[in-house]
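Two complexes are shown next, each including subunit A; its partner changes from subunit B in the first to subunit C in the second.
Up next, the complex of A and B:
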């Protein structure tokens, strides 16, 4: 009996904090999402139903956010994973300066997204005073200068994806280099003795051995990309709707707070839609990885 | 004789092929290295150009012959950068210390203490790991607002002082410590708490340091929650500060001063990283994702 009490006592702070800031909110957010006409000031509502969901799904800002988020996911997840794989393969074949490169590649992970986003904005932005650094390159290759920050949609999307990849790559490179380093050396030696071609070694030994890690990165990559938000703010400022670059998470926060805020029930409905999407895609990913990991 | 020639030729070819392959790899890696480093170079470069020099460059220059520290003094005087810095420091310290206390106690309970309902509670804890922050932040915003804790450190800190994942990580670590030590301590009449502080914490030091570092990085970069909960610039953290600077700071065009602020904000973490490079990278590969 005394021991029971002691165990719970040690656990108490964690239980309280998790209860107040995780379990209760989880139930509450579902409740919110069904309360129609919720008034933030008087904390009252007019009815219950699915109106919040239908409102959110018809809101052009939400559909825009949905489209942006899906584009970011579809472009950045495969590209960043592929690039990370190439870089890690490169790193594993040059043992001499590997540490130096690894250190450099990891830098974006430890930087403040908002701060470095500002640097990217300046590099890509075209103003009346200067075309900006990147446009210098564009013109050197015979292109036309574009304003990547306030210009056409595809240009903004390009910077967005580029910056996202720049930010997520350190983590993926780190995971894949350690996965590659943990492949048992004897497999390679045996293959060498047999005179196996390098392409075949990669396809038959390396890839199957690191496949679980690649799937892990794809799954976490999908989840992370669906929650994109801070990187967008870093590049395009807080008014993402005006820039046409909002994401689902951005939509949730805008509904909650800021100029168009004060609608926690719309925010909740949007957050639950996001969760449903992420959950479905994660399940599909897990199923696919189970199916194909039987080599 | 001809055999020897053939052998030499094959050897030479193989060497040449290897050289070409390595060159390609080095070039590829160097290009990405450049892509990573260039923004850092550019922010430092822009921060030491004078405002007039920067504004007069229609085609930006890649170097400067007259570096100035003027922008740095402006960054600290024209906007309350020092204040943002101090706020972030307080926020980071308090959050990390509180979280360490909470998770160490919880991990110890799960790893060594026996009590009814332990397994069920642990399973519930683990299932909480799947809950994305975005889902609970809405109610937390309402809770903190209702409690009147907006624009206070308590409001900033309290929602992020527990982490199920770190409890899990630490519990695994505690369990790896031989139970005989615990039994021996019990026989000697050492109290559980004393055992935790005197024996378990020193042994688990590497994991604890890793968790602290990861949490510090997270705190230093946190943006979303502080933005929701503070609209008084006296409580801004560096992320919100930089956003504020960007939108209403030095006047939109004073890019060099902005870059000085960016450098100041970025330096602490980069220094921390260069000191604890191995630990941070090992820690992140064990349990970090960005965001």
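Up next, the complex of A and C:
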């Protein structure tokens, strides 16, 4: 019993810290989300109930943000993971120049999001003076210039996904190349002695061996993509609702501080909805990875 | 299947690029492994024995020379065409597959006419598992097995395709002492039952001597001696082989031959006929000493160590190379430990002379 007390005493700083800055705000947000018309200044509200949720779920801006977020998640997570795997496999088969290429691939990770956003603007934006680099290419192949930044929805979504994949790729490549390098060489030798074809080596040995890392990347990728916001701002500016490119986190921000902001209750409800979605998908992911867990 | 290595040489580019050049891992190897025998490739670490194994396996391509399986030249063939099974030092069992899946893995690579049905694969895997007595563990994962069981699975996986040659790289080095004894007998049994030509690599001379039909002693990529274990032990061709085989190690002295007599220090210890006057190394097996008050070799007695079945006498001599001389004598032999000195007479058959510069054996008659 005495020992127990001592243990808790040691934990106290961490417990206080986490309690004040994580647990309390989380509970607070849940409470706000059920309080109707909460006002920061007067700390008052008009009633309690599910009104906030029903309002948010009916808000066309929210449904648009939800749709955008889901599209970004569904397109970028599998694509970026797959691409990272392909590039990592390529890298591990060219040992001599691997480090050089690894550095090149890692550059986007250390570059500021907004700076990369600027580069993308130059590449894609159509102005009165120029159609942008990409459009020049499109025209060179006989296509018609598209305004990727201020034009049709699919064009904007294309740039958005392209940009997101570009930003998340370096980290995934870093993780996967080290995962591939950590697979013991003798497994490949053993497979070679048995005359195993490259496809079977990949499917039956390499992939299962690095599966834990892939699951890790998919889970963190899902969470990261659901929380996307700054990348959208970097490309389309702060008025994302007008551009039709808002995300759930963007919606929460707008509800709190944006031009139409000042609605903490709606923001809390939206945040809780996002939390529920991310939580559910992470649980599904973990269940799947446990089921096919190999070790 | 008889395996012939014909002037086999393997050079690796030097890791240290500044030095450049090549490291010769295997140097002009020529020997023949008879069909259906168990061969121990023996040598200190870095002597090229694993490279030799990889060459036979086909994981490495020789720089020069040929490898023949029976009468077929397999030098240019990849491992799977040669029909070899290889057991790795760390077993290299796929951790995500069950024992059964591990054993079946090589069968899954068969294509075309050789392709097997799932049931045929299962039958073959079971057969191999029964041979190494792990058929009750088929559903386990490798990390649920002991070291010895993993070893058996690795052997079963190597045997499942019924290879012409089975290769084992340091098969016992990852096992504890008791299991090692047990497993080496097991290896012997499996080899006897299958009759597959088997080559295993080891740095442990006791291991190699105890189960091999033939041992091949290597040093710095050069073949030193090849023969049946007792023969190599009794008739080493050079000082390296003499020192490498036997525990406790052979005792080496600086000596010289003068007028048909062998001198260690000032003592004339043995008559050696047919040897010119010269400086030599004298190597005496621990069992080559006879405690004898009128013996011709005098040493400073340090102590007697009793080991039950026999005991060893630890002594010193100025001409000895190393720390202490160790002589194995029977437990019944009386040793007067009160005296500072002890006298030995030597068994001529257990005493070897080697040239000072070439370290080659010098034969003598008594």
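Note that the second predicted complex is superposed on the first by the 272 of 295 C-alpha atoms of A that agree within 3 Å, B and C clash if a C-alpha of one lies under 4 Å from a C-alpha of the other, contacts with A are read in each partner's own complex, and residues count from 1 in each chain.
By our rule, a residue touches a chain if its C-beta (ideal position, glycine included) is under 8 Å from a C-beta of that chain, and two chains touch if they have at least 3 such contacts.
Keep in mind that what you see is a predicted model, and the values were worked out from it rather than measured.
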In the overlay, answer first, second, both or neither for which of subunit B and subunit C A:18 touches.
-> first
Return first, second, both or neither, reflecting whether A:205 touches subunit B, subunit C, both chains, or no partner chain.
-> second
Between subunit B (first) and subunit C (second), which does A:29 come into contact with in this model arrangement: first, second, both, or neither?
-> first
Of the two partner chains, subunit B (first) and subunit C (second), which one does A:289 touch, if any: first, second, both, or neither?
-> neither
Could you look at A:224 and tell me whether it touches subunit B, subunit C, both or neither (first, second, both, neither)?
-> first
In the three-chain superposition, say which chain, subunit B or subunit C, touches more residues of subunit A.
-> B
Looking at the overlay, what does A:186 touch: subunit B (first), subunit C (second), both, or neither?
-> second
Please indicate which partner A:272 is in contact with in the superposed arrangement: first for subunit B, second for subunit C, both, or neither.
-> first
Figure out whether A:166 sits in contact with subunit B (first) or subunit C (second), or with both, or with neither.
-> first
Could you tell me which stretches of subunit A are touched by subunit B in one complex and by subunit C in the other?
-> none
Touching subunit C in the complex: which residues of subunit A?
-> 184, 186-187, 189-197, 200, 204-205, 208-209, 211, 294-295
Subunit A residues within the subunit B interface of the complex = 3-8, 10-11, 13-15, 17-18, 20-26, 28-29, 32, 83, 86-87, 90-91, 93-94, 101-116, 118-120, 122-123, 129-133, 136, 166-168, 171, 174-175, 178, 220, 223-224, 227, 229-230, 233, 237-238, 249, 252-253, 256-257, 264, 267-268, 271-272, 274-275, 278
Within their complex, state which residues of subunit C touch subunit A.
-> 57-59, 78-81, 84-86, 88, 90, 92, 94-97, 105-106, 108-109, 141, 143, 161
Along subunit B, where are the residues that touch subunit A in the complex?
-> 21-22, 25-26, 28-29, 32-33, 35-37, 39-40, 42-43, 46, 55, 57-60, 101-103, 105-106, 108-110, 113-116, 118, 121, 125, 128, 131-132, 134-143, 158-159, 161-162, 164, 167, 192, 217, 220-221, 223-224, 227-228, 238-239, 242-243, 246-247, 253, 255, 258-259, 261-262, 265-266, 269-270, 272-274, 277, 280-281, 284-285, 288-291
